[in-house]
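To keep things simple, chains are lettered A, B and C as they appear, and every chain counts its residues starting from 1.
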Amino acid sequence: MTIVTTDLDPWQPGGSGTPLLRVRDLSVSFRTEGGRVCAVDDVSFEARAGELLAVVGESGCGKSVMAMALSGLLPRNASVTGSVELAGQQLVGASPGDLRRVRGSRIAYIFQEPMTSLNPVFTVGRQVAEVLRVHEGMDRRRANDRAAELLDLVGIANPRERLKQYPHQLSGGLRQRVMIAMAVAGSPEVLVADEPTTALDVTVQAGILDVLRDLRDRLGAAVVLITHDLGVVADIADRVMVMYAGRLVERADIQELFARPRHHYTVGLLGAVPTARSDGAAQRLREIPGLVPVIEGPEPRCTFAERCPAADETCRTRQPPLEIAPQSSHEAACWHPAGLSGAATGADQDRGAP
Amino acid sequence: MTVTEIDTDLDPGREAGRPRGGRLFRRLRRSPLAMTGFVVLTLAVLAAVLAPVLAPYSPDHADFSAVFQPPGSPGHLLGTDSLGRDILSRILFGARASLLVGVLSVLLALVVGVPLGLVAGYVSALDAVVSRLTDVVLAFPFLILAVGLAAIRGASLSNAALAIGISQIPGIIRVTRSETLRLKSLDYVAAAVAEGATDLWVVVRHILPNATSVLIVQATVAIPGAILGEAVLSFLGLGIQPPSPSLGTMLSEAQDSISRAPWTAVMPGIAIMVLTLAFNLFGDGLRDALDPRGSRR
Amino acid sequence: MRRYLLRRLGQSAVTLVLSTMVVFAGVRALPGDPARALAGEQNNPAQVAAIRAKYGLDDPVPVQYWHYLTHSLRGDLGTSVRTGIPVSDMLRSALPVTAELSLLALVVATVIGVLAGVVAATRRGTVAEWVANGFALLGLSVPNFWLGLMTILWLAVGLELLPASGYVPFRESPGQNLQHMILPALVLGTQLAAVIMRQTRSSMLDALETDYIRTARAKGLRERTVVWVHGLRNSLIVVVTIVGLQLGALISGAVVTERIFALPGFGKLTIDAVFQRDYPVIQAVVLVTATAYIVINLLVDLLYSLIDPRIRVSGEAT
């Protein structure tokens, strides 16, 4: 275990959160048979060392595409603009060779489906060791030894035996732990976990989240957790970004966001989470009516307008900028933020007033 | 592991549905290769059907004063063979025989294979039985089958068609079976069963009509194989017997004169190639158009 | 794994027994009196009666089948009515030629087919893809015996690069043997290469869309490794199956190819036997082919289970 920390020395954060990943004006669009589809629209953010940043939104809101775009993993019909800087190195437009050296060693991914994300025809040991051999130049034996340590690190018992097994012989939870071991094998500075617990049982989920939390603390990596599950976010995130239809609509520290959501989409999302209220009464599970729209290009409006209870003419004609609320670091892109001018806009959110 | 299980394209539950009717044709029209195949095919079928009208000579008309005329000779567009017979005329009549054998053998395979495939896919208890039968048929490659049939019944066009048809049966069974499995798992079929429809009714009314498009593709893909098979058998003397014109026998006869008159071997070969290529192009287009994942290939 | 093996062995055994029954029934369906047929030209009544007794043709059908089976198992496949040589001896000298030809063709076809298939799947929209696709379409549409004739015409007769026909045993001169075999092997392998290419391309396209390929890329592997190790290993599973399925076509093709290149193999034996009405030879040929087909397919399936750990380890054959 000590090995992991020593390997990371150059990036060990000195307690303060240095921004490791700086994303500026990132946009992604796809050429499809039906024309252009804009999946990520002008997203900017930073992720700091030792921090767990959650990206939240319904499926189809562009969060996975954004994650893949960070290291150029999108298919060829995607066009990516903007800037992604990893500790000063520009990744948008970087050569395939440079990107390859970054992937797995400096940005690593954990994907949603541990069932299909591991290659069925190779042992898990080989798949973990592969990262070490490619990025650390280890020989077969050393890579294998290290892979066993990594399995141990992510809480897999009998790592030596597990190494020799194939993915189909492992349970979903174990497979996801293997995925995590593979991701941390290269001691990455940024760990992107794309819905890591969605495909798993609730009981298994907690274990995986523990591993992620533990790794964040131990590795000092910036963990970007992508999820639609606010329960997971509440559990482990430091900061939260809310995305809707490819745009960043709200960003705040975790307590702040849960206490005072400002964008009506966030309010809706929170309303859709089954949480227990302080008075003990189970909260009614609500859904936001409507679907995430498909954006074809720059649209001068709030994309949430047609589903928003507070929307007016302004919302339908002008795009709200991401603005910081006074005396806080809480940002939201909304003309009529909840909580502040909630009464004035007529937004009746039963969750707004405790 | 039997052969029936590798058809990844027809994985049940993987897709919403196959395009049909107008949408199918529109997709087909978007593919220039498939349309080329279709046009060539139509022309070839017309030429074969109208062979008696189109052919400048009788296919058996020998002219010993004009043997081995090269292509482009007056009156002989594609030249003549060792007996002075007009190669164009023989090709037209030969294509007729090829198409006949191709269609007959695939029809035979459909008549036997479709019911067996339906049974294998619908009645799981009989699946193993059908699959053993399929394995037995597969154990006799079509040429060996043709050899055996020729030994028992003598070489002829009908035996060639029989041998080819039998060897096409496993493929038809396999496709029908997996399509039946796929359709059986769909909700509306399950609903029909739940409403008390008899098995026969479900198979005839719900499964068979929906399986036709896939079967048409399979048949389209099987015909060029059958045409090649006929050519091989006739070439070896196990199929159509000379002097009846057949593309295979023409090639067989050309073997002796190949260095002296290459066109006697080149022309019939090109004819076979054009015929099978047209079928393959059209079949590919049809398959792609039918692929619910869209025309990615 | 053991359960899968046993089941697979059982299936093959059933298929084999059924196949021998088919051959046996075919022999009984031969025109005329089988005893007369076996006696060949010298069919005087005494001889026919002797043969009848010798082969037990007066016995009940199941007994006859049993005799047939046990004789075949002992390698006693009868005697050629034309040459008087035991059929098993004729097979022994012909089989190596065909085996070599088929094996060479298989290797050629697999190498070309897999390479072209991967190229077509990974270089989409390039000239290379079009060339590979066009090659496959032509390979499927060209009758291989015609291709054989044409290659003889150009390469062997026209350019005198390679011998047009004939055979030199490998043991006598490996070099000359290969010179004689390479052209037939290429001709025989063309169609198979086309089939393998299309299957490789299609399964490679499927594989490249999978999550584990995304994982492999996210790990920072070279694109070469992603395609040729992670993608191909999965595609090969399907390719192996295709080779098994194409075995029949390969055997049929070998017969014609040998005929064109005048190779003294199994095919020549077969065709000669048909025209000489050498029934014992035909019967043996059919039986041996079916047996070989079933045994080789069994081996292919075992190979399949070696490549695919999902079957190897747990026997979870779907």
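Operating definition for what follows: a residue touches a chain if its C-beta (ideal position, glycine included) is under 8 Å from a C-beta of that chain, and two chains touch if they have at least 3 such contacts.
These numbers were taken from a predicted model, which means no experiment stands behind them.
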(message) Along the graph of touching chains, what's the shortest path length in steps from chain A to chain B?
(response) 2
(message) Contact counts by the stated rule: is the higher one at B-C or A-C?
(response) B-C
(request) Going by C-alpha centroids, which chain is farthest from chain B? Tell me that one. (result) A
(request) Please work out the Cα centroid separation of chain A and chain C, and write it as a whole number of Å. (result) 54
(message) Based only on mean CA positions, could you tell me how far chain B sits from chain C in angstrom?
(response) 21
(request) Provide the residue numbers of chain A that touch chain C in the complex, in ascending order. (result) 71, 73, 96, 100-105, 108-109, 111, 113, 116-123, 130-131, 134-135, 166, 168-169, 179, 182, 186
(message) Under the stated contact criterion, what part of chain C meets chain A in this complex?
(response) 210-212, 214-223, 225, 230, 233-234, 237, 307-310, 313-314, 316
(request) Flag every residue of chain B that touches chain C in the complex, lowest number first. (result) 1-3, 5-6, 8-9, 132-133, 135-136, 138-144, 147-148, 150-153, 155, 167, 224, 228, 231-232, 235-238, 251, 254-255, 258-259, 262, 265-266, 268-269, 272-273, 276-277, 280-281, 284, 296-297
(message) Using the touch definition from the top, list the residues of chain C that touch chain B in their complex.
(response) 4, 8, 11, 14-16, 18-19, 22-23, 26, 29-31, 137-138, 140-143, 145-146, 149-150, 152-153, 157, 201-203, 205-206, 238, 241-242, 244-245, 247-249, 251-252, 255-256, 259-260, 270-271, 273-275, 277, 279, 282, 285-286, 289-290, 293-294, 297, 301, 304-305, 311, 317-318
